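Data block below; observations after.
Naming follows writing order (A, B, C and D), and every chain is counted from residue 1.
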Amino acid sequence: MFEYEAKEILRDKYGVKVPRSVLIRKGEDPIAKMKEAGLEPPVVVKAQVLVAGRGKAGGIKMARTWEEVKEKVEELFNKPIKGIVPKLLLIEEAIPHDVELYVGIVIDRSERKPVILASRYGGMDLEEIAKEKPDSIVRTHVDPFIGLKGYQARLIGKKIGLKGKALGSFSKFLTALYNMFMDYDGELAESNPLALVGDEVIPLDARLIVDDNALYKHPELQKDILEETGEYTEWEIKARRLGLAFVELDGDIGIIGNGAGLTMTTMDLVYEYGGKPANFLDIGGGADAEHVKTAVSFLIEFPKTKKIFMNIFGGITRCDEVAKGIVKAFQELGEVKKPIVVRLAGTNEEEGRKILRENGIEAFVDPIEAVKRLMEL
Amino acid sequence: MFEYEAKEILRDKYGVKVPRSVLIRKGEDPIAKMKEAGLEPPVVVKAQVLVAGRGKAGGIKMARTWEEVKEKVEELFNKPIKGIVPKLLLIEEAIPHDVELYVGIVIDRSERKPVILASRYGGMDLEEIAKEKPDSIVRTHVDPFIGLKGYQARLIGKKIGLKGKALGSFSKFLTALYNMFMDYDGELAESNPLALVGDEVIPLDARLIVDDNALYKHPELQKDILEETGEYTEWEIKARRLGLAFVELDGDIGIIGNGAGLTMTTMDLVYEYGGKPANFLDIGGGADAEHVKTAVSFLIEFPKTKKIFMNIFGGITRCDEVAKGIVKAFQELGEVKKPIVVRLAGTNEEEGRKILRENGIEAFVDPIEAVKRLMEL
Amino acid sequence: MAVLLDENSRVIVQGITGREGSFHTKLMLEYGTKIVAGVTPGKGGQEVYGVPVYDTVSEAVEAHPEANTSIIFVPARFAADAAYEAIDAGLKLVVVITEHIPVHESMKFINYAKQKGTTIIGPNCPGIISPGKAKVGIMPGHVFKPGSIGIVSRSGTLTYEIGYAITKEGMGQSTVIGIGGDPVIGTSFTEAMKLYEEDPETEALVLVGEIGGDMEERAAQMIKRGEFTKPVVAFIAGRTAPPGKRMGHAGAIIMAGTGTYEGKVQALQEAGVKVAKTPFEIPDLLKEVLKK
Amino acid sequence: MAVLLDENSRVIVQGITGREGSFHTKLMLEYGTKIVAGVTPGKGGQEVYGVPVYDTVSEAVEAHPEANTSIIFVPARFAADAAYEAIDAGLKLVVVITEHIPVHESMKFINYAKQKGTTIIGPNCPGIISPGKAKVGIMPGHVFKPGSIGIVSRSGTLTYEIGYAITKEGMGQSTVIGIGGDPVIGTSFTEAMKLYEEDPETEALVLVGEIGGDMEERAAQMIKRGEFTKPVVAFIAGRTAPPGKRMGHAGAIIMAGTGTYEGKVQALQEAGVKVAKTPFEIPDLLKEVLKK
């Protein structure tokens, strides 16, 4: 979700005071739009990109005059941030402030509870805070059924050095952030920096990452456009569109496995025997021939792969289905130069290996034998 | 809250399918508005009044033709329902159905949990169901922190005789009703009748009563207009506007006490000694002279009272403040013919009685003596 | 002994700097209640009648680990949060004086308190007093005397009235609990009765009920089941109140034919409870039942 | 013995009429698991491989009061509700196979289960097997043999691979738990280890970890603290996985420098755990630690 969307939700649904701003598209006149909204320099011009570390990558510019607004808008619309050219800019009133706080909410895996992380030293990444001011981070768990209590929020505020009325403002903001995190199935809700202006806190930035598995509950939210996150390569985006769990790597050996653990282990095994994986591709549990075909075809087309190693241990996945899928992929693609070595074990393994061998594809029971053979090719 | 408001919330915020309808004001052309909304007879024309038992009082009419629509609209706009003339009518598509269910949610005082009441026999009041089909009422408590679980809702549906897909529809509706009850601090959320149409449930009526103490959390909700509920008499409405906890009764002795229990007991005492209370008026805890003055003045003006009995046991309330308030009320109203007997005990009682006596008002320590004196007057 | 509150109670006043909070802190101190700290967010560091004020309950408890009881005077909008804070700080008894708390909020923090083993009195109540030992509430202390009568009451002023009537007749009270007038409260008649049953100091119990709800009926059932064995005398306010009307607070309303005066009196009488017609008959009835 | 699952387990299959549910019901029955009932809302009255189907878990439990375990195959949108239903019906072990459950929902029903004393395995897991006794999951039964090795694993297929390797070397397993690949799961390494520590049948434990999270580090700390005293052999998948990328499921991701392969291996080795470089070294390492 873009910054401006998170801020809109905070403002409209949770009553949080956010800086006044206008959103502009390429080609729109920023001056006119600002005047319409009653905004004047100094303002902050911010590239709306999903890239993490946007500020450091030069995606946020101060503009002190009307002249500078024009300049900075021009500049940001033409400057890729980690490869992504912004389609939207947010022009926001500049808010003078002394202190920048950090506050974020994630789920603590071992406590199975939301945990609020807060620090007096916002403005830098949480990782940097953790490195440079580790003792400044206040961690507070929240009972997911009871919710964040006002006094807990005030206590956090106190621990990061707030006092008097600022405690009330902080508590109100944190409650809003927490409610957004819970209502929207957040993986992360964050404000960094959260500015302290007099007795009031104002979120200069806001982020919300929604759990993909929960997106169906929030039809009003658009799924983040894969291309715009800057997180995925071209082929990773293609794979996601095909429903494949694929990660691009640096080597040249295509890897397919079933199950994330086994697939990672297969990568590790190839490394161990001197190869370099070109990718991670997990066909998951219970894949049918069609899904296997899609995965194998994709890896054959993926230009980085010179040869393919497929490692399947059938549990819920049936080896005969897998074999059929592989054969189909090779049949459909016709003359394929990329060699493949398959290791098949588990449910219906013999049937599976038989199908492969009948179609001229090398099939093994032992993964070590298989990887050794692979390295000979 | 009016029926149409509760239905709007259910539809817009909770995704419940409600009958299509138009809302009309006096003077508007019902035919034109229906055509605009694509509605055709048969329809149901419903007076939007806050009176309970509206259906029985003749506030709901079926209209099978355009002619009848005109007639019924005319009729309802000119017919007081328990004394209240509706300002709005809801014209709603008539939905043919076989079964009318009842479902309501209140807070169970002793369990301190929301309790869902459901019955196969909707259409009549819950009290009637309780009398005529007591075994048909299914009671289910919900943990307020965990919320209503889908399986609980289906189980309730099963127990009131639903099957197959209707269970899913009922469960969805009940979850929406429960969420509305919780989100809006409901004292009561109810749908009666809830129609079963094929595999689907559709709320033909919907009610939501919001806890007065929680209204500040829901600024979008209008406070029910006192005049339109039909629950309050003219003087009760006046009293509420003055912030007085006042109930009108049939007798002629004005009653003021501090605390509901003591005030009721004062009523009981007056009855016991042959008098008939004209009202209940509780000045609450910690009333200051000003509030006492308002209460006493109000009761002097209240035409039903011939004489006034005031019974105060001061805890948080100070008897001297009470005395000052009484004196002030009599001074401001000038020549008052209505006699008053005051019983004052507790915090600063002697001071209080002294102030009264100095101003010619009879003051007692013992309530029995006081009530006896009252009856002599 | 006494129930819930005694000479070992160490009290925190939440909302101590407010008008009501500071006024009653003074009265409670004068009564002899051991108030160890007060809490008002943002006012930490002040003092109220010599009681140190903290920003949070946890700070107060850290500085005064002997604290075990809290009384809440904070405004309705913040009262539920104050209750959670007291519960989470591990206080065992929390008295909520505040009225007009939304009933959903009361319902929730009362459930929460139960999970955590905290007893809530109230909301919308006058509090609790164990005469001669401690007072955590807003009742006038002088109307009560140490003694062996327990009082549990849904009504504030009526409690003072009845307590005073008992005191004047030469008897006294072990502990008096004003459980509060809201529809949902932390401690019901039956829950309080469990405590009085086990208190050796209490010889007889006065139940002060009202129309509305079914707490009196449940008390009667408990007595019938033999789970409360001490003599009980009752008074029910609202004999002449009409149905369907809220008599002052949300709890006192006869709805759909339930919660009537007659129903309550009948249930209690069937359980062998003497029901007084006026509060002033209570002392005589008490003498009667105690003679047996 | 064995942990969590044994010959006394009586199983309800939730979502029994679905594709996966019915297929694995067949396989579990063939393995010898005692499945007493199935549940699919709206399909009560049917049978699946001779197993009676009910509309609700409470009806199933009423008809089969011996039921103590559930396995959930219902789609992600309804899985959390199915879990609540199983917990409320008093089942003591609930295995959630379903993947793609929103993490907030898992977090909630896992907290709820803890309150109610129910053990959750999963979600997004292959289930649990006590070879020769019962299988409540989707793992291929034939790769495991009864024996004295416990396996706890974050990875499905890797568990079969390692189990099979152990079996081929003539050893067997007491209980194998696939704890699931989601970021929030019902039973962690350390929670499972507490059970294995008390199981006399288990002589050694294999931990199958992955990059991401800190469950392996916590296991290492537990061993260091002396709270787990049996020999442990581990394998961690993802040695060559790049940071910041989700490797297949949400749990396996190295973020902000935590959850790395090296960190986990170091923590385990410092606790005296032998860490295998490939799954196939596990049997040899086991023989080594068992000899001592």
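The rule we apply is simple: a residue touches a chain if its C-beta (ideal position, glycine included) is under 8 Å from a C-beta of that chain, and two chains touch if they have at least 3 such contacts.
Keep in mind the model is a prediction, meaning the values are calculated, not measured.
In terms of the stated touch criterion, the partners common to subunit A and subunit C are B, listed by label.
Mean C-alpha positions place subunit A and subunit D at a centre distance of 27 Å.
Chain geometry summary: the mean Cα position of subunit C and that of subunit D are 50 Å apart. Spacing of subunit B relative to subunit D, judged by their CA centroids, is 54 angstrom.
Shown for subunit B are the residues that touch two or more other chains, namely 145-146. For subunit D, the set of residues that touch two or more other chains comprises 108, 112.
The touch graph of these protein chains has some other shape, matching none of line, ring, star or complete. This structure has the following touching chain pairs: A-B, A-C, A-D, B-C, B-D. The residues of subunit B lying in touch with subunit D in their complex are 146, 149-151, 154-155, 158, 163-165, 167-168. Interface of subunit B with subunit C (complex): residues 107, 109-110, 112-114, 126-127, 130, 143-145, 182, 185-187, 211, 213-214, 216-217, 245, 247, 249, 257-265, 267-269, 271-272, 277, 280, 282, 284-286, 312-317, 345-347, 367-368. In the complex of the two chains, the subunit A residues touching subunit B come out as 145-146. Subunit C meets subunit A in the complex at residues 41-42, 55-58, 78, 81-82, 84-85, 88, 108, 112. Subunit D contributes residues 20, 24, 76-77, 99-105, 107-108, 110-112, 126, 138-140, 143, 153-161, 164, 181, 183-184, 188, 208, 210-211, 213-215, 218, 235, 237-242, 245-249, 252, 256-257, 277-280 to its touches with subunit A in the complex.
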